[in-house]
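Each of the two complexes below includes chain A, the first together with chain B, the second together with chain C.
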Partner chain A sequence: MLDIIVKFLFSVIRVSTPLIFGALAACITKKAGLMNLAIESMMLASALAGVLVSGATQSLLLGMLAGFAAAIAITMIISYAAFVMKCDLYLTSIAMNTALVGGTVFVMFLATGQKANTAGSIASLSISSWNIPLIKEIPILGDILSGHNILTYVAFAMIFLVWFMLYKTKIGLRIRSVGENPNAAESVGISPRRIYFLSFGLSGFIAALGGMYMSMGYLSWFARDMMAGRGFISMSAMNIASGEPVSAALAALMFGSADALSNYMQMGKFPSELISMFPYVCTIVLLVLMSAVRTVKAAKQKQP
Partner chain B sequence: MAEILRMENITKIYPNGFMANKDVNFVVNEGEIHALVGENGAGKTTLMKILFGMEDFQGGSMLLDGKPANISSPLDAIDKGIGMVHQHFMQVPSLTVAENVTLGIEPGKGLMFDKRIAARITQEISDKYQLKVNAGERIADLGVGLRQKVEILKALVRKCRILILDEPTAVLTPQETEELFVQLKALKKDGIAIIFISHKLEEVMELCDRVTVLRHGRTIGTDVIENLDPAKISRMMVGRDVILEIEKEPAQPKDIVLTVDDLKYRNAEDVMTVDGISFGIRSGEIVGIAGVEGNGQNEVAELVAGIIKPAGGTIEISGKSIKNKSIRKIREMGLAYISEDRMVYGCAANLPIRENIMADRIHSKKYRKFGLFTDTRKINREIDELIEAFEIACDDRSQPVRMLSGGNIQKVIVAREFSSGAHLILANQPTRGIDVGTTEMIRKTLVRKAREDGVATLLISSDLNEILEVSDRLLVMKDGQIVAHFQDASKVSTDLLGEYMLGVRRMTPEEMGDLV
Partner chain C sequence: MKETRRIEFIFEIVRILAALVIAYGVTLLCIMLISDNPGEAVYMFAIGPFTSKRRFGQLIGKFIPYLLTGTGMCFVYASNRFNLIGEGVYLMSGCMVALVATQFMSPETPHMVFILVLILVGALTGAAFGSIPALLREKARINETVVSIMMNYALLYAATYLVKAQMYDTSITYMASEPLPAAAKLTRLVSGSQIHAGIFIGIAAVIVTALIFFRTPLGYSIRICGSNPKFARTAGIGMTSSLIAAQVLGATLSGIGGAVDIMGIYDRYMWTGLTNMGFDGLLVAVLSKKNPIFVPLGAFLLAYMRTGAAVLNYTTEIPIEFVDIMQAIIILLIAAEHFLGGFKEKYIFKATKSKNKEAAKNA
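Right after this comes the complex of A and B.
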């Protein structure tokens, strides 16, 4: 029994990693006052770019750079369309998500002739796992915490980094001020548009880590639609935490637990369709609960 | 004292042809508090926007410290030592005072923001001028008075030498106002020039060293406070330029239509903006309410129209209370309303003229065919008649209202309100920002409706020509109360009216007599 629990907790961390990246990416633009609906497409693009370039060059560094470049390119296209050409940000983001679902398969087909995945046709590189010295010796805890992919540890470090960036640096102060009152920021010489570009760029960088984790860590190939809604689940994690990085990461872990649980339940007698619904039902239930709590709180504040 | 700012012959014409400033001269010295007074629409705000780089101008020149200066943007103005305290605070509520004050000029090494230095800089200046702001507090937790101090701090931290305050006391309690004045005098001692925009004469008399008066976009004059008194300033502020004569026979008031009794309204900031007013209007007469804007007239209009709910008192139309009635029910009781803001309440800008006029009557059985379909032919015929009768310049009835000029938009609204069969018309600033021709048409129609159809009319206007020409009886509002009542508006002089509007005089209840 203990063995199952340890394995379960290990897998919670494993499946939560991309959600943490996604949620942190969403937090940054949220603090600048905008929703990043295109995290899904950013992750997808970087997952594919990482696999293709690392396979072609046999260099992990170049592969990862390509992954970052792909996601940031998407953020810049969206930012240009929305903040310079004044297209609707959300429609542009949704269009980008839809385009990339097909677009990545198209590029994969051009490169490999396959439409399902790159396994076997591209010898892409992976980011290795890491056994943490000392910690891995601790019984139980060591089995849960040690031996994850390096990017998983990066994800946890990123929680702190994003928090630090938002709350301790000049740029973080500017991002938050633009998010809350762009007019006030503009009146003291801060250009909201530049802040939007910057926050989307940073958001793309972090989302790219999540994408590459999927194709170069969690799995070692790219598969069509391999994000399977993780970008959107990350956004709800961010939403529950109203953009606070630490709480958003906790919410991401919670969704990760639901996801891991559904993996385990598939081993039982439950119909798999019902189980794969589980994380999403969790999301809806949580969102409703959170907003109910907030409404009650707000009502209480009104009558002192 | 050295001259710090000179604005000479400033002329500003807006793209729509409205001349907001014409040859305005304005000179400010170091270490003085200079009042810029004038009625709403006199051009004070425009002049300050020009100074702060928010608007360009067509003629004239600006000198800072005797040297020609070109101020291209608010940032440029801040760089040149000009600070502005807007009526709407430019602040981020969830951040602290120190963070707000230093936003854009954040202290700290490299990328790091040093909260402690920010707090120290802020606190030092706050303490120096006894602004009593705590640098560590969140803006969201502060009251309006302190939030205003934060705006002043923002300007001071950026080393401003000219501080513009746009009606700073409008949002303050009397105690907060007292405190602000003490602090402003301390700033003045440090050589900072303060431009104080206001139309509250008692404050100007108490605080300021010199006064410049604007009226209809022109400078009427500048003088030191010792040579002035409230009556003099009010005569400079209030005056009539063009007189559109409207011929009308004496009113023959009959049955009482509108009764307002002890009406009270408390706004979102918890201020009594309408403070126990009572009056009545009879059929066939036009009652005007004059007053400096923001003294509760607009609230009275919205209360009678049912848009906002009173905190106390009653409103009756033809003897029936409007309490708990929907706006449609109130309109069915015989009310027509020309609202102050025609684009927000008056019309649906994207809809055609036809739909805008039909909006209040499309549910009527009159326009049904076989009880189910709308009678398009009948509707079109009536709309075309109204377009002709009210001389609405348009392509045809299906033209969206937003394509029309301001005057023609107002004509569409007036056509609807005057043709609804109402016996009580509420006209709130009916001719603001509208060309002379339309203005005359609207005024004449108001008079004709009263005389020929026996409509009771309540006219609220800050245009003195209008209020004196059109009204039969005249009420004056100040601070939410009725302070004067004239039985015959045509016998009132603008000087006298101005003194009541600005609070120099006030009638006793005996002098006012019966307000019905």
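Right after this comes the complex of A and C.
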């Protein structure tokens, strides 16, 4: 029994990693006052670019650089369309998501000559996992915490980094002030448009880590639509936490456990579809609860 | 003022045409670059959908649900709410139609009654699920985009569960419901093609939507609330109710779309992933500039593009997915306010200037 629990907790951390990256990416744009619906497409782009370039050049560094570049390119297209050409941001992001699901399959076809739905046709390098020296020796905790992919540890470090960036640096202050009130920020000489570009770029950088974790750590190939809604789940994790990096990461862990649980339940009799529904239904219920709490609070403030 | 409006209208059309030409050009260029036999590939993409009865039928088979989801999305898009519930509702209403048709109705039910009941089931499914994000948005200020996307995935899993638990057909190798009874299927208008009686439902939906949009107070207030909420509030228009109505009506039409699609083309319910029909409906609404009268044009265009890509997919080696990229380019160019916006402003400026000069002369 203990063995199963340890394995389960290990897999919770494993499947939560991309969600944490995604949630943090969403937090940054949220703090700038923008909803980022395109995390899914950023992750897909970086996952594919990472696999293709690392497979072709046999260099992990180049592969990762390509992954970052691809995701940031997507964010720049979105930012240009939305903030310079004044196209609706939601519409742009949704268009980008559809384009990337098809576009990545198309690029796969160009690269391999197969209408690859199930991949594995490109041998990619993968990022190795890491046994933490001392913690590894602790009986149960070591089995849960040690031996993950390096990017998993990066994800947990990233929670702190994003929090630090948002709350302790000048850039973070600017991002938050634009998010609070773009006009006020503009009146003191901060260009909201520049901040929007910057926050989307940063968000792309973090989402790229999540995408590359999926294709070069969690798996070692690229498959069609391999994000399977993870971008949206992480966006809702951010939403529940209303953009706070630490609580967003916790929400991502919660959704990750639901995901891990549904993997386990597929063997049992309980319908796995109902567990797969959990993150989505849970988000809606929590949002309703939070809104109710907000209304009650507002009513209380009015009374005295 | 009239002059300005005329210039704006002309530019709107020029912009849409320019966007289509650019997207089409880019696509053709891509096909030519990657294909071993560019002439044949371009021919298959551009003319392919019209070369046989079966292919043209395929085009119309896609066109019919686009009419319904497109008009539905017109409501939603015109009210300036990004409620994407149409996607999930489409799938769920197909599932509910299959459930009712295979489990609760006798196969001997008269054809017309059967069809009407099933369309009603689709519409009610749409309205029921569509009202959740709409109510949450207008009553509790919860972002409708987030709720609707979450619900889309939840509905997908719920539908899969329903199929597995209630109507799983064990005699076939893939996951699908039991086959629909013959009386539940819409009549094929042309034998050997996918052209079915649902086209009348689609056309009726376009006409009704156009009437609501331009001949009723509800349509007027929906359009005003979408394009200028501050004015709507000042003018005392009941925003909450019109916005809820717009989103629920949109979801209802999507629900009917899903029902018609299942009854017209499929033998059984077999969708295991999101159908993308809701997003395609949004694209139709964008193409027709939120105007239901133009929905048939937008729907036909999208159906043509998709069929062309499908023909290309099975006649040459090029995968169908490239059309998604083309779709995104079209959306970006048409919806971008500033695409060719400089020209428009210049022309309006010139026209006003010359008018002012004339006015000065006359005075």
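Things worth noting here:
As a working rule, the second predicted complex is superposed on the first by the 263 of 304 C-alpha atoms of A that agree within 3 Å, B and C clash if a C-alpha of one lies under 4 Å from a C-alpha of the other, contacts with A are read in each partner's own complex, and residues count from 1 in each chain.
The rule is short, and it goes like this: a residue touches a chain if its C-beta (ideal position, glycine included) is under 8 Å from a C-beta of that chain, and two chains touch if they have at least 3 such contacts.
The structure presented is a predicted model; accordingly, all values stated were derived computationally and were not measured.
By the touch criterion defined above, A:1 lies against neither chain B nor chain C after alignment on the C-alpha atoms of chain A. Once chain A of one complex is fitted onto chain A of the other, the partner contacts of A:169 are limited to chain B, with no touch recorded for chain C. In the superposition on chain A, contact of A:299 is made with neither chain B nor chain C. Of the two partner chains placed by the overlay, only chain C lies in contact with A:87; chain B stays clear of it. More residues of chain A are in touch with C than with the other of chain B and chain C. By the touch criterion defined above, A:280 lies against chain C but remains apart from chain B after alignment on the C-alpha atoms of chain A. Every residue of chain B that touches chain A in the complex is listed here, in rising order: 74-75, 78, 89-95, 99-100, 103-106, 108, 111-113, 154.
Across the complex, chain C is touched by residues 35, 37, 81, 84-88, 90-92, 94-96, 98-99, 101-103, 105-106, 109-110, 113, 115, 229, 232, 235-236, 239, 271, 273-274, 276-277, 280-281, 283-284, 287-288, 291-292, 295 of chain A. Listing the residues of chain C that touch chain A in their complex gives 34, 82, 84, 132, 136, 140-143, 145-147, 149-151, 153-154, 157-158, 160-161, 164-165, 276, 279, 282, 286, 317-325, 327-329, 331-332, 335-339, 341.
Those residues of chain A whose C-beta lies close enough to touch chain B in the complex are 168-174, 176-177, 180-181, 183-185, 187-190.
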